[in-house]
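The following pair of complexes shares a single chain, chain A, combined with chain B in the former and chain C in the latter.
Presenting the complex of A and B:
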């Protein structure tokens, strides 16, 4: 079996079409990473004159290295404020001419110090924000108890769960400054900015790879040969699926690694941020202030990786399903792209950012988004949405985190797909060779003749 | 076998999907409560209304459990940021308005009717003004008032109109004080400065003479009742002439509403100058005989916000931040009275309640802080504002040192920083003042001469430290101290072809403390308060243009506080040399300062501020001053007004106008 596995892997990397798709995927990922790092801004003419602004994160990192693992305290905050005030001395008009400690001029010093101060201020407000949430949950629970015949047991469980989750976070969170650039979290959020387009490209080429991988066997009539061999059926399918698993894993790993490498090269390391609780990650805006999980940012990155992998692996299984149904490359690519990218497009369309809007776009569309987020594994690409608030669903009267439910449900779906695919792959009869379209064409002909 | 496994898997999956679907409780309504939502009570000046169902009373972001009296936030989702379409607050807060037996729902410029389950039915869109010009994207419907069973008033900035639900016709009318019965509608027209009457059947309007400064408030079947500026109640008789029906010297009558042949009003003896009162009661009078009967209620206060519908009167008591403290509900049918008190505690005092027995770090802090109350504070806050001219951000940071009380003088140090991008003035003047209970005090900055408004020069990027010292009147009780500053930002170039009105920021820190014999100073936290508004036009003067013409500026805030629909002022000079200062705002009591070149001016020879009241049905107050008393030369002068809202404790600075008396 191991030999078979390596043989299949070798086969995949020898196919020209697949190799081209892989190269294109890697280029897309590189483009993604470069764009997330803000490096494409160099090409915009109005930014060129002030290109050093792009290096602000480097100055920022230098400042944070100096500040060290500063814990929040009122005295430290006062101290930083005074320091910030003192940075104004001697600056000229415009962006400042005096040489700076962290950046090229004092103006940059002032700017990056302001960013650190922003983060301190956020730490200061964090505890009161979380305790507000707890108080509101307590009030809500108390109110529920006083509702008489309208008292809802599920509501009580939900509010208790919220109180426990946020109390734990409040008790266990050490308020510390750390360097982080917002570019990093864009690399894990597929729904934002140019990531949308790149994700669709990556999915499209996944469709190409696996369609070709499975359909070529039927097109070249090798399937008949392998079908009659000792390990030509379920074992063969299991090995092929293992290859699909490994390739999806590698694609996910590459997409994350490329992003991290490009960002680290340009913006500096994020070692500090990895051990920082995810609630405290802040750069101009909080990343997930109300995340109910007691996890660090590093753990979140692993979780986001796992979610992304689940989404890509599910998409790959859809592609396999189409391949074994149609048994030809082109229809398989077309239908799998339609379904996978179709679902992604639907989720993108249903996802609306209503922040600051004077009009609400559509609550029914938002409900569609919520439904997709629960039952569609592709929505796992929106990893930040799952951790940014206390998001639970009612499962047989118990509050369950939507994230947990969606992950488990996705893997059940993947398992179901595996079973279906294996049945289709291993079936005998005419449909084995000619695929579903050919099969229906034949039936149609027979009926016409009759 | 495989087939059965597949079928079983699909069955389990569908079961899971179905179980997760929210089972719709039959009795649940769109606000998260139970039972039919009854069309609520409204108040003309506010964009929130009261609604009620079987379990809750709803107002703004609160719902009150009628059984337990508990206040709960409308959105009960933990950690909700209230800015997505799944949040009840985001969907319905300030978007639902009561009609006669129906509820209206507003989404941007579209008007819908909404039923208890939340199903909406489209009515119409209000996207143009009276000339057919499309309204700006940022404008949305702010308020809907019911007039009778077929007409409503839709307040939508320039697109405000009276709308007939049956015929879908509109009559454009600005100003939200209007009322009607089944045959007529009355509204106050700003342009013609009087009441306009609309005949519903003919859908024609006619102006009623001599109704300037009389604002329509209630229209029964027999007659129209109005509030007057002097605090009396009057009505229009059959010949369309005003007749006073309820007035008494030293007393203020505030109309609330009418039911059957009774009109309801608040009666108080409030002194406008000091804001003090000794009595405030709810009365009703028979509209034909005007016999007054006092309703059996608890203690009321004249600054309560009143909401009226045909069944109940809701009286709302708020703190200076417009947080709801108490709700008084008076039932008109059975003369009963209930008070609901908001016991939700703010975390600013760190008074948290945890269910678990664990000791948290913050419990210790809570104990420490609860001892440190209200003597002095050191606050730091940071605010980012956007310059409306350039779109660039202006970062401002301020801080003060703790107050030091030295005898009867208070001292503190004020830090100020400006981080400027764009065309904001690099060097300019900061005007610093200290206000105590709405009155600007004589104070000195950096050891200088004691003045009402002190001027300090600032340079871009430089920190400014201002030592402030002022005398506090030697009497006990709470004092509300505000330290404020604003920038003198207008620039007139030598050739006078441009003068710009920049985003003027006023930031202040509100301190409330008690004078006691022994002062102890501790540090406490306080909330930051700021008000901000921006201008939407720059006025460019052509050479030779007269400066004593009227410039009317509409200041549109992009952070409109609750209930404030428009704040602006206007100054006119008439042929007789009389200066008319016209101030438009929401109901309330104000101290108004006139600043000429950033110096407060004595009004009518003696008063430094004008104490004025805008009562429930009007939106303007007008003062006449002899221009020669204020302007002693023929030069150009910047004229501003600073307004202290006695109800909310807010201070606002209104954009200046350049005045030059040429003759």
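Presenting the complex of A and C:
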């Protein structure tokens, strides 16, 4: 079986259409990575604009190297505030005249020091913010208990879970400064920047790759010969699905690695950030201040990778379903792209209005938004949204993190798709040979003649 | 080696493609003949397991092929009517791929042997997409023979081959006939005439007759005639009798080979029948 697996894998890279799709995907990922790194901003004029400020991460790194892993204390905070105030503010005249310590001029110095100070300020407020959440939850639990026989058991479990989660975070979190550029976030959160287009392109080419891979067997009429061999249909399908799994995994890995490599080359490493609790990751804004999970940023990146892979592998299985139904590349590509990118577009539309919104603009759209976040594996591409707040659902009276539920549900869906696809692939009969369109055409023709 | 077909029936909607087909096949070559729509391909597909019959059983060595599963496919070789091949593989790579599918360990020597047998050794490293129709058929035959099958099923194996390649094909099949059950479905009667031990005639989903080739020829030996007539009377004869062949003997006369239970005309002479005459006897129309 292992030998057959490698043969099948080699087949992918021998097909011209598939090779072209892979090259285009890699180019898109590279472009996306370059854009995320802000490298394209270098094309703009060199003035102290927002765009230029985003490119000062190398000055940040210099400053943070000097500060080291500074632990928060009130004294250290006051010291940094004094240093900041002493730096020349050249914002009125554009780039400051005097040479800077961290950047080319003092205006840059003031800016990067300001970012570090913002982070310190954030660390200063973090413990009180989390404590407030715990206090509110305890109050809510108390109020619920006082309702007596009218108390809501589920509400009690939910608040208890929140209290436990945030208490653990409060007790285990060491408040330290850490250098990280927000550009790293973009590589893992598909809702921001140019990632929308990039994701759609990757999904489209996944549709192309696996449609051609499965449909070639029918279009070249090889299926009749391969099905009567010793290995048989079920073994063949298992091997083909293993190839789908590996290619989906490689696409996900490439997507993440290319971003990380380009960002690291331009902005420097992020080794410090990997061991930082995810709640303390901050650059202009917090990454996930109210994340209820006691995980580091490195662990989050692994989780985000797994979520992204789940989304891509689910999409791949949809493509396989269309391929075994239609038996031809073009209709398979069309219908799978329609399904997969359709779901993505719907998710984007629902997310746009409801992401971080303070008020619900449309109840029906909000319901769609919540439904998609729970049941659609494609929503897992928005990994940050699942960890940025205490988000649970009521599962048979128990509060379950939406992230856990969606992940498990997604893999159940994938398993169901696998079973359906294997039944369709292994099915014997006329429809097997000519695909669903050919089959209905034939019935239509017979009825017309009759 | 025995392959038994017991009461095989297959229906597509209201149409009965096969109707209570029974046959017992032993080692040797079986030519499966019949007009279009007779049910030959359906029967082939059922025997190979590509299609499931509505009723009846296919047994190999006394065991239902459904229960044999992989063990049945291990001894099976199949060449479909229009074999599809991955165009991006070379001939050798294609055979290697099929060797993996057929679970053949260390297939290199077998591949070389087969390439030699089908006369493709010199083209083995060319892409299959560049092969001619005849070459594709030959590589298809090689893939079918990879696992030294005890049961070889071939659907129109010589369609598209030129006469030289058809002779080559006959020679290849003759070499293995003593080791296997070989079923060849074809319209080209001459291909099986010289190599088939047994002929199965099918029409409208049923087996009309199944017998040794020699017996079938003997059964119509008094029914094949040769008569010469004027060209102006040829149409009259074609309307009255089954005409197998019509050849101009001179500018005003035509020689006709006629299938008829009785002497059709006074000057008709009996001739020794060929398999084509058997086909026409059972399937030729009176038009």
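Going forward, the second predicted complex is superposed on the first by the 420 of 450 C-alpha atoms of A that agree within 3 Å, B and C clash if a C-alpha of one lies under 4 Å from a C-alpha of the other, contacts with A are read in each partner's own complex, and residues count from 1 in each chain.
The rule is simple: a residue touches a chain if its C-beta (ideal position, glycine included) is under 8 Å from a C-beta of that chain, and two chains touch if they have at least 3 such contacts.
Given the structure is predicted, the values throughout are model-derived calculations rather than measurements.
A.B. asks: Aligned on chain A, chain B and chain C: do they clash or fit?
C.D. replies: fit
A.B. asks: Here's one for you: vertex at chain A, rays to chain B and chain C, all C-alpha centres; what's the angle to the nearest 10 degrees?
C.D. replies: 150
A.B. asks: Mind working out whether A:306 is in touch with chain B, chain C, both or neither, as first, second, both or neither?
C.D. replies: Neither chain B nor chain C is touched by A:306.
A.B. asks: Under the stated touch criterion, which partner chain does A:3 make contact with: chain B (first), chain C (second), both, or neither?
C.D. replies: A:3 contacts chain C only, not chain B.
A.B. asks: When the two structures are overlaid on chain A, which partner does A:418 contact: first (chain B), second (chain C), both, or neither?
C.D. replies: neither
A.B. asks: So which one touches more of the residues on chain A, chain B or chain C?
C.D. replies: B
A.B. asks: Examine A:114 and indicate which partner it touches, taking first as chain B and second as chain C; both and neither are also allowed.
C.D. replies: In the superposed model, A:114 contacts chain B only, not chain C.
A.B. asks: For A:395 in the superposed arrangement: first (chain B), second (chain C), both or neither?
C.D. replies: first
A.B. asks: Of the two partner chains, chain B (first) and chain C (second), which one does A:216 touch, if any: first, second, both, or neither?
C.D. replies: A:216 sits against chain C, while chain B stays out of touch.
A.B. asks: Examine A:11 and indicate which partner it touches, taking first as chain B and second as chain C; both and neither are also allowed.
C.D. replies: Touch status of A:11: second partner only.
A.B. asks: Is A:245 in contact with chain B, with chain C, with both, or with neither (first, second, both, neither)?
C.D. replies: Neither chain B nor chain C is touched by A:245.
A.B. asks: Smallest separation in Å between any Cα of chain B and any Cα of chain C in the superposed model?
C.D. replies: It comes out at 16 Å between the closest C-alpha atoms.
A.B. asks: What residues on chain A touch chain B, complex-wise?
C.D. replies: Touch residues, chain A against chain B: 77-78, 81, 84-86, 88-89, 91, 93, 96, 107, 110, 114, 117-118, 121, 127-128, 131-140, 142-143, 146-148, 150, 155, 158-160, 162-164, 166-167, 170-171, 290, 292, 352, 354-356, 358-363, 365-367, 370, 374-375, 389-390, 393-396, 405, 409, 412-413, 416, 419-420, 423.
A.B. asks: Which residues of chain B touch chain A in their complex?
C.D. replies: Checking each residue of chain B against chain A gives 2, 5-6, 9-10, 13, 16-17, 19-20, 22, 27, 34, 55, 65, 67-68, 70-73, 76-81, 83-86, 90-91, 107-110, 137-140, 344-345, 347-348, 350, 352-356, 358, 360-362, 380, 382, 395, 397, 399, 415, 417, 419, 426, 460-463.
A.B. asks: In their complex, what parts of chain A are in touch with chain C?
C.D. replies: Residues 3-4, 7, 11, 14-16, 216, 219-232, 236, 428-430, 446.
A.B. asks: So in the complex, the part of chain C that touches chain A is made up of which residues?
C.D. replies: For chain C paired with chain A, touching residues are 12-13, 48-52, 69-70, 73-74, 76, 78-80, 82-89, 96-98, 100-103, 140, 143, 147.
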